[in-house]
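Per-chain numbering from 1; labels A, B and C assigned in written order.
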Amino acid sequence: MNAIDTKLAALGITLPAPAAPVANYVPYVITGNLLVISGQLCFGLDGKLSDAHKGKLGAEIFNEAGLEAARLCAINVLAQAKAALGGDLGKIKRCVRLGGFINATPHFSALPAIMNGASDLMVEVLGDAGRHARSTVGVANLPADAAVEVEAMFEIA
Amino acid sequence: MNAIDTKLAALGITLPAPAAPVANYVPYVITGNLLVISGQLCFGLDGKLSDAHKGKLGAEIFNEAGLEAARLCAINVLAQAKAALGGDLGKIKRCVRLGGFINATPHFSALPAIMNGASDLMVEVLGDAGRHARSTVGVANLPADAAVEVEAMFEIA
Amino acid sequence: MNAIDTKLAALGITLPAPAAPVANYVPYVITGNLLVISGQLCFGLDGKLSDAHKGKLGAEIFNEAGLEAARLCAINVLAQAKAALGGDLGKIKRCVRLGGFINATPHFSALPAIMNGASDLMVEVLGDAGRHARSTVGVANLPADAAVEVEAMFEIA
């Protein structure tokens, strides 16, 4: 167990089986020392998209559920990273960037507070190495009407 | 003719003249062994944006036309890559990432099925090297009311 | 004073204090020779988001104000780059990519003209090194109802 696995255990997080892509692409690509992870939806630890994490912020779902959805996206990002790194999250040197897409009405602008669910999780688990650059935007819709999608880039050893 | 040109010919695809940027930027930048390609719209092989590939998925246009629009975006990505690489697509080592932006109504969530038009083309033409990480989102609008925009990052030799 | 500082002075631009992230992330990360900058909103030189630069293109605000908002985003990107580079913008080798997110109604498609405010500023200040790849999309909303958000990647010495 490396420090990251220990931290995940302390947080009571068991990484889910990484989600299979819902179409003809792959969940991650490594180029040089960059690991690029496909946009991850807010599937639960059971691999299913709960109704509680579907729909638009500002209409069907609200702050607490949105924050939880963003956190789930980050957990799914880590699950993909673990698969990409042959099971060894200790190879992560830095979370370089998260891109956060929030399924939102045109009137919902508290987007950063939602995306914090993903950012906070990354820092909780990776510590300083989890501190990332970030862009957050509200989009018209997301695959499967998911509330949040998060893509990522890591620097790896 | 390298393997990729042969494949394009077999698919009956003649890459169009790469589209000039519609504003003050460049269509691609190479940094190290990464080739970053600007968002490409679904211009046809004649360099024009057909009415059939304009408007929102879920309102003005529907699945088949959206899929074709995404495929055109990917063809335009390859046309830019070819220009960036001095005509030699054989220098592509890997399609690292595609970013897919779908012009969609707030109720249209079958976004991955549309973006498959781009992903499938990339794998058809590049084979395993075309298998990429991907993010797909539905946006409020796109330049010129195009139905799809696709940006790309490649690893090059 | 390097050439870039001289150019900024000639343009009458004093870079603002770089904006603190509005949530749990960092404004930039350096990995290898890439500098990745978090999405910057159109805060003014006083660090405040003016009402003139809030709202949606095509509804609350219009072309001139949108262009100015995009220009402010690019100025904030440069302010972050300066902080990231220990005050020395001369370490910038190339602006590789700008990602432009425009807060827009579903009917506003003159998005490139707005994003030009950012692209033009980058080229005005950095010259040929400022010529970048770019993606521009219209989104449902942005943090704090800002009109424009711009993220960036630079190649650095």
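By definition in this document, a residue touches a chain if its C-beta (ideal position, glycine included) is under 8 Å from a C-beta of that chain, and two chains touch if they have at least 3 such contacts.
Since this is a predicted model, take the numbers as computed values, not measurements.
Novice: Compare the two sides of the chain A and chain B interface and say whether they are made mostly of the same residue numbers, over half shared, or of different ones.
Specialist: The interface is built from different residue numbers on each side, given that under half of them are used by both copies.
Novice: So if I superpose chain B on chain C by CA, what angle comes out, to the nearest 5°?
Specialist: Rotating chain B by 120 degrees superposes it on chain C.
Novice: Could you work out how far the Cα centre of chain A sits from that of chain B, in whole Å?
Specialist: Taking the average C-alpha coordinate of chain A and of chain B, the gap between them is 25 Å.
Novice: Pull out every residue in chain C that's touching 2 or more other chains.
Specialist: Residues 32, 105-106, 139-140 of chain C each touch two or more of the other chains.
Novice: Quick check: in the complex, which residue numbers of chain C touch chain A?
Specialist: 21-29, 31-32, 36-39, 56, 99, 101, 105-106, 139-145, 149, 151
Novice: Can you check the complex and tell me which residues of chain B touch chain A?
Specialist: 32-34, 94, 96-98, 104-113, 115-116, 119-120, 123, 131-140, 153, 155
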